[in-house]
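We just call them A, B and C in the order they show up, numbering each chain from 1.
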Amino acid sequence: MKKLFSKFDFPKLPKNDKLKIVFLILALTFLIALPFFGFSNYWMNNLVKVGVYIVLALALNILVGYTGLVSLGQAGFVAIGAYTMTVLVKDYQVNFFVSVLIGGLIAAIFGVLLGLPSLRVRGTYLTLITLGFGEIIRTIIIVWEPVTSGPMGIRNIPTPSLFGLELSLSNGGLYYLVLALLILVVLFSHFLFRSKTGRAFRAIKVDEPASIMMGINTTYYKTLAFVLAAVISGLAGSIYAIQLGYIDQNTFTFDMSTLILSIVILGGMGTIRGMFIGAIILVLLPEVSRALMAYRFVLYGVILVIMMRFRPQGILGWKPKKPYHVTKNARMLFEQGHGELVKLNISNQE
Amino acid sequence: MKKPIMNKNILEVKNLSLSFGGIKAVDDVSFNVGHNEVVSLIGPNGAGKTTIFNLLTGFYKPDHGEIFKGDKKLNDKSPQEIVKTGISRTFQNIRLFSDMRVIENVLVGTHIRTKYSLFDSTFRTRKYRKEEDSNTAYAMTILSTLGLFDKKDQFASNLPYGDQRKVEIARAIATGAELLLLDEPAAGMNTNESIELMDFVKYLKSLGFTILLIEHDMSVVMNISDRVYVLDNGSLISEGIPSVVANDANVIEAYLGGTLNVNNQ
Amino acid sequence: MIVQQIFNGLTLGMSYALIAVGYSMVFGILRLVNFSHGAIYAFGANIVLLLVSLELGILPAILLGILFTGILGIVIDKLALEPLRKQNAASITSLITTIGISNIITNLLIAFLGSQKKSFPTLFPDGSITILNFQITYTQLGMFVVSLLLLVALMLIVNKTTLGLAMRASETNIKAAKLMGVNVNFVISFTFFLGGVSAAIAGALISSYYSMAYPNMGYMSGLKAFSAAVLGGIGSLPGAIIGGLTVGISESLAATFFGSEFRDSVAFVILIIVLLIRPRGFFGKKEIKKL
């Protein structure tokens, strides 16, 4: 059976930049206005969940989609963010936003720890280490009872407030919190893609030895990818904890990590838009059908297998048709002449 | 004010040796490459030519011997450090970043010369914009000089083979290299394409580059090489200008029954 | 007492080796770590349990279960992995596919059989024999001997038969083997079949040792067997045996000295140490990187 839809590339996308900007503005307006449409708490809850998972997918996307590192331990970073924020807010009365940032910082440290083995270890072996990392975090949660309350979990996680206004589900505050984080992470991913760091990531994904030969310090960049994914996941974890109201070691399992991977693969690894569609489908669809809900874990696995076989680029993962955007300034520099090539190269050696 | 060039050779290799297990892949090899020369390293398949490239670029570490780029000793440097000294290479099997556009491939080449940080690119600071524009203009200049400007937006995997090879060379140039190591650049090409590529190498020389070339078919490089070194079973068996080497008895014997065609047919 | 633990370790270790050879054989031919192998092991044990509950005798259940699991191995390759090989897919694609398969198998088992632990029948009579002042239970003896016999049979197949020769040729250079007339696709299927068979046998043995089986059992045991395979040198059959025994004994000793909570972490610690210090393990070949 040949690749499905490989030539059929969803021509719904706006054809030029102006249309794309209009589309984005409309989408943003819609998202900002959403809480006023009168959705029930149940659906607002789901939307917050979708938002959290889009952020988590964007984080994993940096690892898998940009750099080609398959991580099955993202739930560990989510847990770190969630528990750090919760413990600091509940037990030490630290401000919510400060706690979230500290959670991100601690996640970053663990991200470095997880990135270090990438010096010696590749491919499946590295993935297995990320798997082990997730399990180690779960074990720490269970064993470090004085801080995490172990298997009893932490309940009654307080809702944060901003300038005295409580950010809860019912007033839409929590939704806007997620939306704000989502917009920031989308912008970050977008700017990352078109930068020296992003190109280094993408080069490593395609051909690591060639990247080394082009002067890229691949160990540094692979570790950096882990750190970025860790921090973003940690930040999302804090919000997730608020939404759930209760966390224990069973909140952050291997199944969560698999779900995030399935979102990335389904939507289209390497793209930002893919994370949206993947999360919407995989988080909301089971809510719609009882049958799907029971078998949803099988579904995640099936999606991985089917997508890899028939459409590895994902639903929204087509190559851009537009030319590479070159700034006016760059074009001007080019037209003014950049100097003779080799003289430029040789003079750099001096 | 330019420093006077201390060592007249860009590349100086002395007594280079490397063994794998018990097998001597490179055995006491010495050679040099002077400024703006085209030097070819030829020999039958398995003679150790690519191994030498891997040694020069820091992918392997030699057991014995020394490698100098100008005055800098390269032996203990990492591949990334070596690229910074002004050497860059292409690969026998073209290794472009297939998921990326032509211009993005060349921009990857500029990586080691780029100074802005992740902070700069995240917040699109002036430092980022200035360097990114400069690098983009530089990449476009390279592509334009090499006749590839029209293809800059295409994804690397969509290009015909000959163009992919040129993009690989463009990417190597973008690192700021003055010495280009080309590993069997004409591999996989028919006679006409090979001739075109060799003219291209001549053109690179005219731009001022210094080139060390690997090839197993001597006829391909006869016309463009200033000097030739012949490698067989890890050792140098001949060296000199092409016409001399082509008539060297040792060389003819090494190639007996092989691919040598000294009459350049 | 320590010696007793070492015997326990040897017993378990031989069974881990039976699982580990599945990883090694597939890696040897395809250079692929079959992430779903742990799930295949769990499938084997649970299928046997299911067949026993359908009133089949224990021996027919085991034989049938082994057959089904072997077939499962072939199906996984034919349906999911072979098409990827034909497409020359990147290794990240195969990795994600095997993750998906592991997920599917495990969660289907949970969906159909329920996730709780179920009791597994004993395979060997109670009682023990005494050798040189040490007591060895029939179960320990039985597990050890059965695993040993199977591992020996595997090594005989690989080293002494024509099919085994075809396997070894394919491991060394799959393209050359094809050109020499080896039916490479059949060899690959056979390799997956053997992997499934040995995993199922290990599943029956280990489940009977602990008197229980459950759908998620592949996770930990799969990880332990993988550590064993890497320790011994992935791709090497004797290595899988050495690795399995080492992991088994280390696990027993750790449980004795540090407490049973640490039983499962030992294999993981071994894996990390091996990967960081000597990734090719005992008998693995040093891969020469080529540019």
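Please note the rule applied: a contact is a pair of C-beta atoms (placed from the backbone, for glycine too) under 8 Å apart; a residue touches a chain by one contact, two chains touch by 3 or more.
Please read these numbers as outputs of a predicted model, since none were measured by experiment.
Trainee: Could you pull out the chain whose C-alpha mean position is farthest off from that of subunit C?
Mentor: Farthest from subunit C by mean C-alpha position: B.
Trainee: Most central chain by CA mean?
Mentor: A
Trainee: Counting C-beta pairs in contact, does A-B beat B-C or the other way around?
Mentor: Higher contact count goes to A-B.
Trainee: So the centre of each chain is just the mean of its C-alpha atoms; given that, what is the distance between subunit A and subunit C in Å?
Mentor: Inter-chain centre distance comes to 34 Å.
Trainee: With centres defined as the mean C-alpha position, give me the subunit A-subunit B separation in Å.
Mentor: 39
Trainee: How many angstrom between the C-alpha centroids of subunit C and subunit B?
Mentor: The mean C-alpha positions of subunit B and subunit C differ by 47 Å.
Trainee: Can you list the subunit C residues in contact with two or more other chains?
Mentor: Counting only residues that touch two or more other chains, subunit C contributes 289, 291.
Trainee: Can you pull out the residues of subunit A that are in contact with at least two other chains?
Mentor: Each of 209, 213 in subunit A touches at least two other chains.
Trainee: Where in subunit B do residues touch at least two different other chains?
Mentor: Subunit B, residues with two or more chain partners: 59, 91.
Trainee: Quick check on the complex: what are the subunit C residues that touch subunit B?
Mentor: The touching residues are 288-289, 291.
Trainee: Residues of subunit A touching subunit B in their complex?
Mentor: Per the stated touch rule, the residues are 188, 191-192, 195-200, 202-203, 205-207, 209-217, 224, 270, 319, 323-324, 326-327, 329-331, 333-334, 337-350.
Trainee: Where on subunit B does subunit A make contact in their complex?
Mentor: Per the touch definition, subunit B meets subunit A at residues 2-3, 57, 59, 70, 79-80, 83-86, 88-89, 91, 95, 97-101, 103-104, 107-109, 111-114, 116, 118, 121-122, 124, 128-129, 132-134, 136-138, 140-142, 144-145, 152-153, 155, 171, 173, 175-178, 207-209.
Trainee: Could you pull out which subunit C residues touch subunit A in their complex?
Mentor: 32-33, 35, 80, 83-84, 89, 91-97, 99-104, 107-108, 110-111, 219, 223, 226, 230, 265, 268, 271-272, 275-276, 279, 289, 291
Trainee: Looking at the complex, which residues from subunit B come into contact with subunit C?
Mentor: Touch residues, subunit B against subunit C: 20, 50, 53-54, 59, 91.
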